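Look for subunit A in each of the two complexes below; its partner is subunit B in the first and subunit C in the second.
Take a look at the complex of A and B:
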């Protein structure tokens, strides 16, 4: 009888212990959550595209940050740009931030459309970095109503890569190209084609990047200053850019491509002599090692008929944005401490990635002043950063790519003989109809 | 240790029963669980194979639709004059080229619209050195010359009328699937271009991704045995010939599914051949993972454990209850047989044990009755014996007494002779009556005096006899001839060494007993040596008055009145002997 009681008691105590054990556990968790935040690493997720450029750059930032901040674990996820755009759109429009990262890379051309469409989805990081330290033109696309949402990353500063050997054959020197207009550029191209038989420039009929660069150099854009409506008809810069484009075609100095690989190949195999494009093209140019010393980079040409036009423009470029989700403070701190202020990091970006940032104090660093042997000892980074500071600030607005599609079609019409005013008026009509 | 053994001995039944129950409960629960898991596993496998066959069919349909889109796009491109011109014409002026590229762009846009959903890039390469990529940046990332000399193209040219599905890794190491088809002139069969439909493996995986889960993987194997696409990234591009062999043997045998060990893990394999792509879609279900989800082992173990535990507790309590009364009974019986014959067992517990206890008690009672009767009979027999002995008068005594009387008469001492004869008569009279009767102490006193008188007559008066009797004792009854043997003994043995002395008879009440003492101041004897005791016992050759001796008195008193009564003898050499007789106080 005694034994039985003991057994019963034991089993009851066991059950009691089980239940009390559970409750004890939950209590324990509740108690330590506060402490955990301090000790456990906070995870900061980053989405970016292009493993060799953006992701690589972010990895450098992660390394630099990890030295002093073991409590933050930065996870970088590579996704195609289209995927990122799509997932951001689906995620933000559904209102759930679940599955979205803390930090996301957004192309400057698209930034405004995201920030305007999802006003509360992004976390203002004005306090986390000093905006005045960055290139002026980057601040427009990355801010809304004076609040900075994006931390400027790479500079899309444009220049013209030219084959010095072809130039010389045509009787030109690099010095002759330092302060030219697009008309001069075409003239030189004609001469080069004449003497060497090589085309002067390679263009894709479906990509109006060159038009965008031209109009930005004059402080103009497809859209009005508020970024909301199209500014095509009566846009003098755009009109001149169209004319330059047609002149290039008429001068028969243009090679046509439709595929990026073919585009790069056109330069690497020496069949085209110059490239007006963003500085990120450097890596593609230097890939042809046999052409070492045969290239130079000259300032972007001006629009002859536009007084506002300068020798600086931009193509592409993107910035880092903090999404308004849990961990945003840590993410903002991380960006502020790395891309927002770390001069050494910018030197590494130059040497390891070839990315030129838009952080002005970084220009004092050594990597910025180092000559590049491929370009005949030219201080290309220093040149690019100098031009970066001169890029006119324009508002890319919300509809850059929508207008671009219209421009592509209208350019075709223009080349086929339609009058320029008519072309722009038609384009304006279509754009107004589409983006209203 | 012995305690433990005892416990085991008494609880043997319980322990055996309990062990058997424990073993059977565990055996039953384990067998049931195992069987249930087995059956559910089989059912699961069947169900899985049915649903997954449907899934594979669905994937198959998707891929067929995809293949159809590709074929349609190819035909459109093959029939497009613009495309053909783009691929064959020589480079013209910039403007002419621009128009040609733009026109081609329009064609491609139209064609691509059918393939938009697949995230596919269409690249065409013409014999004139032109390339057009629908996405602007083909994942192939190859220049015209690289493309045209690539094995993709060369293989495709071997069967120019077919769409060939091939797989390569891009320059950045991204696995790609490429559908290729040469474009050739219908009449001359001269190839004028190539089409490449390129999609990343990741996008291709979209065809089946939604149907897979952990442990339920899909692998797409090309006809030559390479794993082209899979949810398991590490499998992509690896040799799948072993798997393909399984799949083929399965197809030949006409089985819907097959169990195969892959990488040392049991898998259920389902497959479907896509002739249009020359791909095998293989569905691999990792049994452990899939069924592991089905049977949550820890929770099964816990619930079975709890059930077994509860069952054991119940069994323990019930069997304990059943055997406890029995055990108690057994324990009692065993102690009773050893120590406590007069106790009864307590009756309780279940019906069986109650009956057993009752039967045992009944038996014990009868046994006790019988034994009591036996003792009684024995007593009676002994009593009768003693009585008989008491009734006998030793003829020597009579002879000697009568001889003494004769001498007295011859000497003319008639007075004394008459007195002696009177004493003898009185003595005999008393004897001849009912032996078992009791007489009062005063009557016994008369007898004693008569006996002493006769002895004085026979042996002279050197031993004096004195009587001290409490007056309240005179009325007390006592058996006949109880005191006489001790007086006789004192006369004949007490004074062998000493020439004379005294014998005292004393009677008094002590609590509820009558104490009679016969004390002499004669020789005495050493209680430790046997000599005196010998004297007490061997009265055979003495001239005893009756057949009863000193020794028998004690026995008789005890037979009559019980063990608290009897005779006690004390003696010291040279000091005399003291005999104490304890009797109950009986008053008629």
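Take a look at the complex of A and C:
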């Protein structure tokens, strides 16, 4: 009996301690946010992933800004994308913004999920830059209710990187691939495989990036236009994309990889001949210097059966967001003055980082018009910019990755012989149960 | 009475620190998680939904697939590992064995490697162009590379091989220490009675190891139900959800998708319930009230 009493007492004390701790936290919430107050130099912390791309780009912005703003000290912290997502989620959901940065890079597919799950956590930056100067398709994912929360950064504009030497052996020229459908793409792939013995494309069964690109080229997505519910059963673009995917698998032109380094290796060691992907893949292609002059980039293929499908799509791409913590005004100003309006910075991004932005005025600059020797003198940046303007604007909604995981499973079922309509109906059912 | 109650106060005050700590860092979060499991929504916008989350579990195909995979690992991997650990420990306990220390260290060594580090190495070993495939091809045992990571069947095998490699040595140590506590005279008496060594193993070693068998199978069961690092790093749950485990599903619900911490808490409570059921079951099967 006594033991019970003591235990009860202990737990009561504990509960009291916990509840008082809670109220203390909420009270102090406004005051304990990041950033040094009253200091002469304001510190702006930035989180980004990929040292050779995003971090490098941010460093260029920092240099450009430091010239005439000595009062702002920008600190860039490199984190893996998964870690950033995880830390933002834990930080924002715990209700304390301590330890969170001022500026954070978020992938466009995830942006709505963050902004709607944590409505007050982000700071609107509509007045810090001119949204109409940026590519149309970037504005949907980065804004909520007409307010811009994200400053559009890199373009995920897609194209197909092809090995011209393998193509020639198979009797094709780069010109033959300028206006093709996915069916043509597969036929060419078969021919290449036949003559050179090389696979045509490398795919990861867990990553439906290629499906996403195909359906976005037709202005369609996993979700309905309002981004709220799944649009799978009866989605004609998705149905055709599934069929193309299966045809590719059946044509025996696909090499399977299971992670990023295998993927890149398949191209760098010359065992696969084409890559439909985002322009940020350029750095990985050019890493194999012995293949200089053997690559070209052609427009993204169309879906043959879909009238809306165009030769342009997108894969990935991200934007900068300002968190609603102390120092947000300075952070927003910094973004506005650099990525929001600095044309010279965008030229440097091309020459130093290879990052293609979505800021339209930048396309007039010199760097955008320079030919690239690695790609046989092709003017790749201006090609990509041209395609960027044509990318259909779709709403990525809040649930792209949740639906993607369902699609991945159903794709396996489809490849194993389940009928396409059944596959999409089942996927729709699962997605409806998951998304509420 | 007075002295007695005084000592009581003193002893309770010693215990209270530990009790308080356990309450703050174990029971309080557990209760909070239980409350959370009745809520649903995105991020911080959580609302009470009653038992909706638990009903959703029953129809959630991803959850059911993850459950099925977890059971498969459990039913196949745990017995293999336990038997292997017991077998190796008996071999290593042989008095005539030379280089005993070396073998023990070698077999225990996997247990000290970091989960992530070994998972990454396994991923490369079992890659399509990895060492295992290359070796098998060169030995002409197979003609085309086995898709260890991207084929639904082989991916499961890869995970099972990986966790068996990592945890067998760990369990072996428990058996080894238990074996050393068995009085040698029992074996001597058995030998004098003319018992064969397999008879000795099944009639002496196994019964005397029973508490350890119970202990290792319970800890392994719990470990399997919480399996995360290996799957996350080797296959990411794929292909499809062929290797997805419950813990990874919780991770996906909280961090990969638009976060629904409420439903994630529900899935974690499903694991708690399973662990309790399995532990009770194993105690009952072992049939020994004292464990």
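Assume the second predicted complex is superposed on the first by the 397 of 436 C-alpha atoms of A that agree within 3 Å, B and C clash if a C-alpha of one lies under 4 Å from a C-alpha of the other, contacts with A are read in each partner's own complex, and residues count from 1 in each chain.
By definition in this document, a contact is a pair of C-beta atoms (placed from the backbone, for glycine too) under 8 Å apart; a residue touches a chain by one contact, two chains touch by 3 or more.
Not measured: the values here are computed from a predicted model.
Chemist: For A:116, is the partner it touches subunit B (first), subunit C (second), both, or none of the two (neither)?
Modeler: Second partner only.
Chemist: Touch test for A:206: subunit B only (first), subunit C only (second), both, or neither?
Modeler: In the superposition, A:206 touches subunit B and subunit C alike.
Chemist: If you count the residues of subunit A that each partner touches, which comes out higher, subunit B or subunit C?
Modeler: C
Chemist: Answer with first, second, both or neither: which of subunit B and subunit C does A:287 touch in the superposed model?
Modeler: After superposing on A, A:287 lies clear of both subunit B and subunit C.
Chemist: When the two structures are overlaid on chain A, which partner does A:405 contact: first (subunit B), second (subunit C), both, or neither?
Modeler: second
Chemist: Between subunit B (first) and subunit C (second), which does A:436 come into contact with in this model arrangement: first, second, both, or neither?
Modeler: Only subunit C; A:436 stays clear of subunit B.
Chemist: With the two structures laid over each other on chain A, which partner does A:225 touch: subunit B (first), subunit C (second), both, or neither?
Modeler: In the superposed model, A:225 contacts neither subunit B nor subunit C.
Chemist: Once the structures are superposed on A, label A:89 by its partner contacts, choosing first (subunit B), second (subunit C), both or neither.
Modeler: Touch status of A:89: second partner only.
Chemist: Applying the document's definition of touch, where does A:262 land relative to subunit B and subunit C: first, second, both, or neither?
Modeler: both
Chemist: Residue by residue on subunit A, keep only those touching subunit B in one complex and subunit C in the other, then list them.
Modeler: After superposing on chain A, subunit A residues 7, 11, 204-206, 256-259, 262, 412 contact both subunit B and subunit C.
Chemist: Looking at the complex, which residues from subunit C come into contact with subunit A?
Modeler: Within the complex, subunit C contacts subunit A at residues 8, 12, 16, 19-20, 23-24, 27-28, 40, 42-45, 56, 59-62, 65, 123, 127-129, 147, 149-150, 152, 235-242, 252, 254-259, 261.
Chemist: Show which residues of subunit A lie in contact with subunit C when the two form their complex.
Modeler: Subunit A residues touching subunit C: 2, 6-7, 10-11, 13-15, 17-18, 82, 85-86, 89, 92-93, 95, 113-114, 116-119, 204-206, 256-259, 262, 398-399, 401-402, 405-406, 408-409, 411-413, 430, 433-434, 436.
Chemist: Can you list the subunit A residues touching subunit B in their complex?
Modeler: It comes out as residues 1, 3-4, 7-8, 11, 51-52, 199, 203-207, 248-262, 265, 269, 412, 415-416.
Chemist: Give the list of subunit B residues in touch with subunit A in this complex.
Modeler: 93-95, 97-102, 104-105, 123, 131-133, 136-138, 140-144, 172, 309, 313, 316-317, 320, 324
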